[in-house]
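Alright, structures below, take your time with them.
In the two complexes that follow, chain A is the common piece, with chain B as its partner first and chain C second.
Our next item is the complex of A and B:
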């Protein structure tokens, strides 16, 4: 038993999809069990934080960390698992670049909490808002404190590898598991630290079978508003903002192959500093207009530019957050 | 390798030193940027002087500098100076970086503390950036000795003749059926009162017969690709429906054509032409063009009178527009101006009150070859006016229309006053805001017109109306004006009003500018490289601008510019080759996914899609390093030398002082 290297998986600010992606490797999960001693995986087995704290530093060979850092509990676990792990992988879009929870960085955290308890469909006559501490007869209870912004794992601790995707594709997860097992057996070497693993080296377009031409977009539309969509022609050319041209390959262009635009869950291509900036420049570049008014009109077809181009990447972008979110605790 | 960087801070007299503590900036750079490799930081009164340059050259040699930062003016001004200095000292010129602390700091700040702090940041950014600079080699390309001149007005004619006379080939493209431009419509030119046609037509004929000039009238440039020395131009030669090989210009077709059409171009709507026509008798070339919209044959399918009577069978109703491709090394744009539409100043009544005339209408009225044979008469075609009001600054110097002065309107107004006086003996009033008669012999002309008895009222005309208030105003046009010298409102009844309309950029100047890769000012005039020192060149190498395309000007200035641009072009032709900046974009074949977003963007057509590999590729010979594709590539697969991500990110870090070691 002791001979088997230790494996951990943790979820911070995430949805649980990453765990499902791991389980979705089907019988490959048995290889994980055969080759690793699973010491900590809250979604799959019972374990306590104090058990992890009790482990020796660097005693876990591989930790797949999914979820962004949204509160002080996430941060504490990130630091703890960093200390205990030899290899820490930012697993999935949230850990790599903040993902959907990262869009919260557009607003100060107070506004977010207020809005959550005050929407038109919320009945909150006593104006009850969450508190981080509360006194009960048994003593003082704590819930984690929200941090002012969502941070990808790398902004909190040193990360060895990044594995993007929302969630990472199961075939890529399986390939990475195989690689690590081969490394353990001495049959392969680990990639250089800081590498993005389980991905292709180009963009989604590279894996997309649709025909591409020079693009001249007169109008941006939603996918459901183009009828009938041409299943063989580049989606962007049909006027639907497709994030594929800026998004790292590795998913086999699943969405475009299924008739939907890429929304960018695999994050920026290698060497891209700011994903959203790249994408919005690309969209601006294909606009076919002669007057400023025409340009404005065409751009109106992208009603939520931030949500469009930073859907997964806002927290990991160059700007990370809006000024108001960054400055107001 | 650790770089050895020299930082040179220029006082620029008091231009920079007045708002920036240059000594402090130099000392700060020497101390705080030492860890980045700064081994020497100096300040000097004028870095661009030969002594300043020698200072840098000496340091490169003696201190073994590997990088140089000059904190001075904009790179537009002196980047070349300092790069050449570095080259002379044996350092690759692209390892020199300019930090603009004049245009971007001292000229936009008044507070010395702020100016000094910002200068430090700008210098810090340049130091961080220059470390990432790569040594680059200039690229030599041959220059095609042919030149394209666009626009056959007097400025374009001058350019074409100068270059052709020097022995080089010129393609002169003109949109209208004949060259000659606006000048061919005038009767007299100020201040000498030369007959306009008499001085212009010999030049036009010279162009028409010159062995080195290919004249393409009734033609327009539709596409421009390439770069200095190697432009590829596509010209649409519109169908004339007249075979130029066979036509002798005898004019029989015009005579026999039964269809009369109001000529709103050349005759400004005051006269007629035929459906097949040359705009005027001395047109060059003298081949007519067929106006398809008005030709009876094209409308009804019968007539063909011109064809029947043509002695050389030159009429060809089947002629098609023809696309002509030419290669040229340099391009001169002499596209001229549009006249301000006087209808826009509705209070002056043009278009509503018949006897209000525009300046170009008056030019045709007073022209001996014009519709009235030079008789100045009212709109009824027979009555000679007894009193005439000439309004200056129509559409010019007016925030509601064009804010600028159109330069020629004062002199034009004075010329009109003289002509009215001479030919009709009418009382003439000139209404002006300020009288602008600068340049040689202009003010003398003003004095002459004063002595002839023209009355001058200083004030902006409020209104021209036909609503009479008293008996003496009945049947007249009443000019309501504040006489600012007399300090009172006046109503002056006249028979005729002439609006001295201003000049404005061609309606399509923005599109034309875009096609040739040059920019326009806010008003729409083409922008010169430098307003004082380089008025005919543009920011695009090999593209020159002359005459009114660059801004309102009179005939002598247009001619001078036409000749100046010709000299610049000849200079380039005689150099035989041009050094191109090695700033180029290139595509990483591994990371390019062939999304084709860049394909339609390149203004120089340097990007091609390789169907077999499903990736895009850049032709380095065509790439001009503009960076459009580098910015647009969503995959970050295109990089540009001289502007790499590493350089730009380093510069940002430097600007934000993140490069400093904090103790």
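Our next item is the complex of A and C:
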């Protein structure tokens, strides 16, 4: 038998949930092992960056890259794995659109470091901040330096496929693994470059089993404040900002089915350029008021509009970050 | 650059039935107004997707003017109310992104109000001029060398 095609998975600025989602495919992971030679997967096995550097270019068939680009180490690995991989997949919301770590783009990076080491709950009387380089007798040591803003993978290197979700649903991961194995065996063809894979092509609302009527919202509320919530009626219709109308399907409307609003982890639906803009449109359409005063009063029910509409998508949105994050250090 | 000598780039969205005609009337009547606005005609202010505004601001515009029919006079019955709601929510989101909400303005102008269109445009251009350039996505002057700025933060006091 010929040598098995090579597989790699890397985590940059992410939480590790994407790795769990891959392992949650249960016995499917054995298919990965049976069909691939796993050459680099820091969370699962020991490997050194220099081993990857020593590989031939394009020698890894499939790399699942999760996590956004937060520091120079992330960027170096993104560029390295791009060079070594035939197929590079932006795997999970962080790599696709920045996800929760992308919300750091609301603040200048200096403020983030300051807050982390200088809030009232932090015991740091001498105001000591970490340095990225330090001289020791053996030479100069470096730790990764934070970049100004968090960037999705696509803003750093060329990406072949996108697989959104926080994390991608395991049944979708399994379907993609099956597809790639079929491609290797010559039984299927790869989708066109740039495709979003392991998803549906509509919105979460389309998969949501709740009843929808004409929405007339007089007051926005938090989910815990609408007791008793109607488990069969559209959540947005009950006045809770639900991100379903702008969010890509693929998760089987998991959160609304469990009684919570969609928070938008599958990213922008097909054809949506700016996720937040689509949600602004959706929320504005359901507000039952026509005078500026009344509309403003209803909007007061959404305490953090920017966080609400860009919870997962800020780094991948048109504006990408706040003005101060761009301008300040 | 000193703001008095700064010429803002403004993208203006007009409604086919009223404000576009108002701008036409201002032109035909040879009214003078600030030339900074690049107009884009929509069928209705209700067509205004907030994406258009974000695209304009992220691609170099310093301000965006949205114009439509007066409330109650929409050619499509009530779509300008949708524009109003989007505009109010969009301004809140823009504030969260550190953009002065005054960079986006909603103006109602009927087809007969050429003079109003002209004066509101001039007024808006002056307001944006005072705010200065937006320069989205570009570091402020003098902050190109980020690494140096960060290293200042990393100094450990004795």
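The rule we apply is simple: the second predicted complex is superposed on the first by the 323 of 329 C-alpha atoms of A that agree within 3 Å, B and C clash if a C-alpha of one lies under 4 Å from a C-alpha of the other, contacts with A are read in each partner's own complex, and residues count from 1 in each chain.
We adopt the following convention: contacts are C-beta pairs under 8 Å (C-beta built on N, C-alpha and C of every residue); 3 or more make two chains touch, one makes a residue touch a chain.
From a predicted model like this one, the values you see are computed outputs, not experimental measurements.
Partners chain B and chain C clash in the overlay (superposition on chain A). In the superposed pair of complexes, A:191 makes contact with neither chain B nor chain C.
In the superposed model, A:323 lies in contact with chain C only, and not with chain B. Considering which of chain B and chain C touches more of chain A, the answer is C. Contacts of A:129 after superposition: chain C is touched, whereas chain B is not reached. Using the contact criterion defined above for the overlaid structures, shared-chain residue A:231 touches neither chain B nor chain C, since it reaches no partner. When the two complexes are overlaid on their common chain A, residue A:306 makes contact with chain C while staying clear of chain B. When the two complexes are overlaid on their common chain A, residue A:106 makes contact with chain C while staying clear of chain B. Within the superposed three-chain model, A:295 lies in touch with chain C and out of touch with chain B [touch as defined at top].
Of the two partner chains placed by the overlay, neither chain B nor chain C lies in contact with A:259. By the touch criterion defined above, A:245 lies against chain B but remains apart from chain C after alignment on the C-alpha atoms of chain A. Across the superposed pair, chain B and chain C both touch chain A at residues 273, 278, 281, 284-285, 290. Considering their complex, residues 49-51, 53-55, 57-58, 71, 78, 81-82, 84-86, 88-90, 92-93, 95-99, 134, 136-140, 143, 146-147, 149-150, 152-157 of chain C touch chain A. Chain B meets chain A in the complex at residues 511, 590-601, 609, 628, 631-637, 645, 649.
Here chain A touches chain C in the complex through residues 106, 109-110, 113-114, 126-132, 145-146, 148, 273-274, 276-278, 280-281, 283-285, 287, 289-290, 292, 295-296, 299, 302, 304-307, 309-310, 317-329, going by the rule given at the top. The touching residues of chain A, counted against chain B in their complex, run 201-206, 212-216, 234, 236, 244-246, 249, 268-273, 278-279, 281-282, 284-286, 290.
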